[in-house]
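This is the structure, below, for whatever I ask next.
To keep things simple, chains are lettered A, B and C as they appear, and every chain counts its residues starting from 1.
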Amino acid sequence: MRASLKDLKNAVNQVKLLKKDPGNEVKLKLYALYKQATEGPCNMPKPGVFDLINKAKWEAWNALGSLPEETARQNYVDLVSSLSSSSESSSQVKPGADKEHAGYGTLVVTSEDGITKIMLNRPTRKNAISTQMYQEIILALKAASQDDSAITVLTGNGDFYCSGNDLTNVTDTPLGGIEEKAKNSTNLLRDFVASFIDFPKPLIAVVNGPAVGIAVTLLGLFDIVYASDRATFHTPFSHLGLSPEGCSSYTFPKIMGPTKATEMLTFGKKLTAREACAQGLVTEVFPDATFQKEVWTRLTAYAKLPSNVLRISKQVIRSMEKEKLHSVNVEESSIVQERFLSKESMNAVMNFLSKRAKL
Amino acid sequence: MRASLKDLKNAVNQVKLLKKDPGNEVKLKLYALYKQATEGPCNMPKPGVFDLINKAKWEAWNALGSLPEETARQNYVDLVSSLSSSSESSSQVKPGADKEHAGYGTLVVTSEDGITKIMLNRPTRKNAISTQMYQEIILALKAASQDDSAITVLTGNGDFYCSGNDLTNVTDTPLGGIEEKAKNSTNLLRDFVASFIDFPKPLIAVVNGPAVGIAVTLLGLFDIVYASDRATFHTPFSHLGLSPEGCSSYTFPKIMGPTKATEMLTFGKKLTAREACAQGLVTEVFPDATFQKEVWTRLTAYAKLPSNVLRISKQVIRSMEKEKLHSVNVEESSIVQERFLSKESMNAVMNFLSKRAKL
Amino acid sequence: MRASLKDLKNAVNQVKLLKKDPGNEVKLKLYALYKQATEGPCNMPKPGVFDLINKAKWEAWNALGSLPEETARQNYVDLVSSLSSSSESSSQVKPGADKEHAGYGTLVVTSEDGITKIMLNRPTRKNAISTQMYQEIILALKAASQDDSAITVLTGNGDFYCSGNDLTNVTDTPLGGIEEKAKNSTNLLRDFVASFIDFPKPLIAVVNGPAVGIAVTLLGLFDIVYASDRATFHTPFSHLGLSPEGCSSYTFPKIMGPTKATEMLTFGKKLTAREACAQGLVTEVFPDATFQKEVWTRLTAYAKLPSNVLRISKQVIRSMEKEKLHSVNVEESSIVQERFLSKESMNAVMNFLSKRAKL
């Protein structure tokens, strides 16, 4: 089913209704696809070197080569569709729970029985981590490290644990352009990962469903990982032109040996929960039907141990690696930043967004 | 079945028969429990700051708050019972074996067919490691490192491999008080662990039954670990207010990944022999019925390899970690020393001893 | 079936037909065995200290002690037999394949579909690594690192993956004598291992059958290891008086924990493919009947990922260990060099060659 001319016209109107500026890179992409869809291959003379804006437009259009008009039309419609869904409201916090922490837009944070629970709460987006969610998780971990709970749990609301980095983050380009975007994104990624490295109490992942990308790589920094047998573990970095992060280039070979780590991190092999457990990434797998009950029974018992004893035990086990993990994080982030600006990555992300919009 | 007044009177007499001074801390505990059992909650005016002895007594009694008299009586009887059993004679060495090394009170050490076997020999105490046994194991390893055997084996006499640190060691307080006790104990612990780190020949654990605490953590320093399927592996450090030792904070995450290590070391999860094998802590598990036969057949074959080749092979595999292991040992021991003096630990140990006495 | 006098005479003639000088050490061994076989125990007066040649001969003969004449005769025949087979031609390259790289005598190297395949091609010698093969693998890896393939595969032609170091290399002694031989061999070994450490693209082992010695230890430097269920993994270093190499003293404890590593590397335990997979040395095991088909289907898909992304991903995962691996390699090689000159090793190798000749 290809996009019709009417679909194109609707999409053009939809762009005007976007709540958020999609950023210059996306605007150029939209411009180019529209020109290609309506006028065919670039027929504009190349602007002079100082006519920056028209030159950028020309380059974007010209880059589409001889892309057929129907395809350009379809891609335009898909791109707009992905932009619309990415700017939907995500304020789905259930208000009013007894010990709920207020003020989070993408999380539900509660404290009870010595356990602080941070629940990713964008179920309709498979708990993809938006820029806002990155920032809020950093804040929630900071708060949990200082409250009086014994242990802290990260889990997801709905069918997914977390589908990883929200790729529509990429379309949210600042005025400084794609370079500044890449820099901001990787600085945020680095600080986000650092807040897991430094977390001083036992940190437990309750993996209720599929986990993708950074939601998987971070598991190497957790102290316990319990998974439903519905969970899967997938890091398609190479398919997106990207490279491993979350300290996984260090923790995964250590946990599962270098060859099983490479099959996951370099070649994007997806693991079942049982495979991930056999390889040491997951501590224990439970049948989905009894997952929540069994896990929370166990965690409630664990949380009764004296909180300062747990904190000291974690410190003894983890402290000697902290410095190393921080340096790995800095190194990985710097390579991700370069990757982010590579053609492989830009094309792969745009394709991913287009495909997803189509489905 | 609660302790009667007669039980209390018997216990008071039993204290006088103890072969060893139980130390000031225990004496204060006994004083307090006796007063509580016979006079109820502390009714003495608080002594002045310079009346050191009476102040210590007052504090001990006062700390019992409104503990019922019957409970205090029971605790007194239990505590005395545990003290009595800890000062029982432990000279159970079977004399007269052909190549038996003389002079050990808590071990049976033999050499045959290129194998030196160090057997923990306090079966009635589940081979708990008393201060004397710590010292004798250090000496036995030193001797074994210099004899002409190819490999050295550590195993236990009776149903248990080793129930870990003998907590009644704690009641043996020197004149310098609890601080000096903590310092002496952790220095001994540190030297004990160091003698495993430095042992120059293949060191094999033949785990004939349950292993607890330091008997488990040390396994990360062995070169081979064979276990009966009756064996279990349990490190309830947090439950005793303590922190991991024996270099386990370094070796366990390396062997089984950080999350399985944390569930054992921080949350005290007990593993079966098969689980410990799946996680790499145990090399191979054998049915208990054929355990001794199968293991010794294999070890006898291994011991026929040239002893200097085995020594060099171990050196190649282990030497690069030695420095790291020693620094981990020093760090862990220093944290254990602090923990040892903590309220969580003191209370947990006292509760453990009381409970055990009751059973 | 013992060697007859006629067998001895034939063997003496065969020595004259050897294409390559077997080296001084072997010549001395042949001299001594011949004398023992024909005249019995050494009856020559010991030469003076400056009569170097006769002294060497005397020592070789005298070292045989009271070895029975029949045994000496048999050993002579076996030794000559092993020398003859080691100097057989090994130019078995199938010529004419479309993208085959020319110029290798012991390998078949082909490039197709983004995959460079290096196939060990001495099937009648179980793909044992001769001096020539060591050198050619170094060259083939260098070429593969610079071609436009995405991934590189190492595999074996015939029933074996690789039977390890060709021990008949040892009999190829240069004029400088056994010390120079030991130095040259270990320098070659060190450079060979270094070329695996430095290889910049994903390197995949397709283990089609049994693997022995260095063919096993090197697997810790591969990025993926696929094995047929016919494959076995065996490192009988101690039995040959040698010590671990290929960085295995570092990679194996990291991959499988120290005790399982020790049972393999120090005590020569042979693993099945499934055991090696359970311990993380092998990434996945396939039934032999479908091995080639399943593996190449998967590899062809992997090789379609962008080659520079794969290269960067490998760099992120492996770069932080490179320095460490090189220092381990240097250290291991230096100890192997000492071992190589030890009596345990010389005798074990000679026994191995004699035994093999007998079979």
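In this text, a residue touches a chain if its C-beta (ideal position, glycine included) is under 8 Å from a C-beta of that chain, and two chains touch if they have at least 3 such contacts.
Remember, predicted model here, so these are calculated numbers, not experimental data.
Taken over every residue number at the interface, the positions common to subunit B and subunit C amount to under half, indicating a different-residue contact. A turn of 120° superposes the CA atoms of subunit A on those of subunit B, with the angle given to the nearest 5.
Centre-to-centre separation between subunit B and subunit C, using Cα means, comes to 47 Å. Residue positions 254, 256 of subunit B are each in touch with at least two other chains. Within the complex, the subunit A residues that touch subunit B are 202, 220, 222-225, 251, 254-256, 280-284, 302, 305-306, 308-310, 312-314, 316-318, 320.
Subunit C contributes residues 237-239, 241-244, 249-250, 252-254, 256-263, 265-267, 279, 328, 331-332, 335, 339, 344 to its touches with subunit B in the complex.
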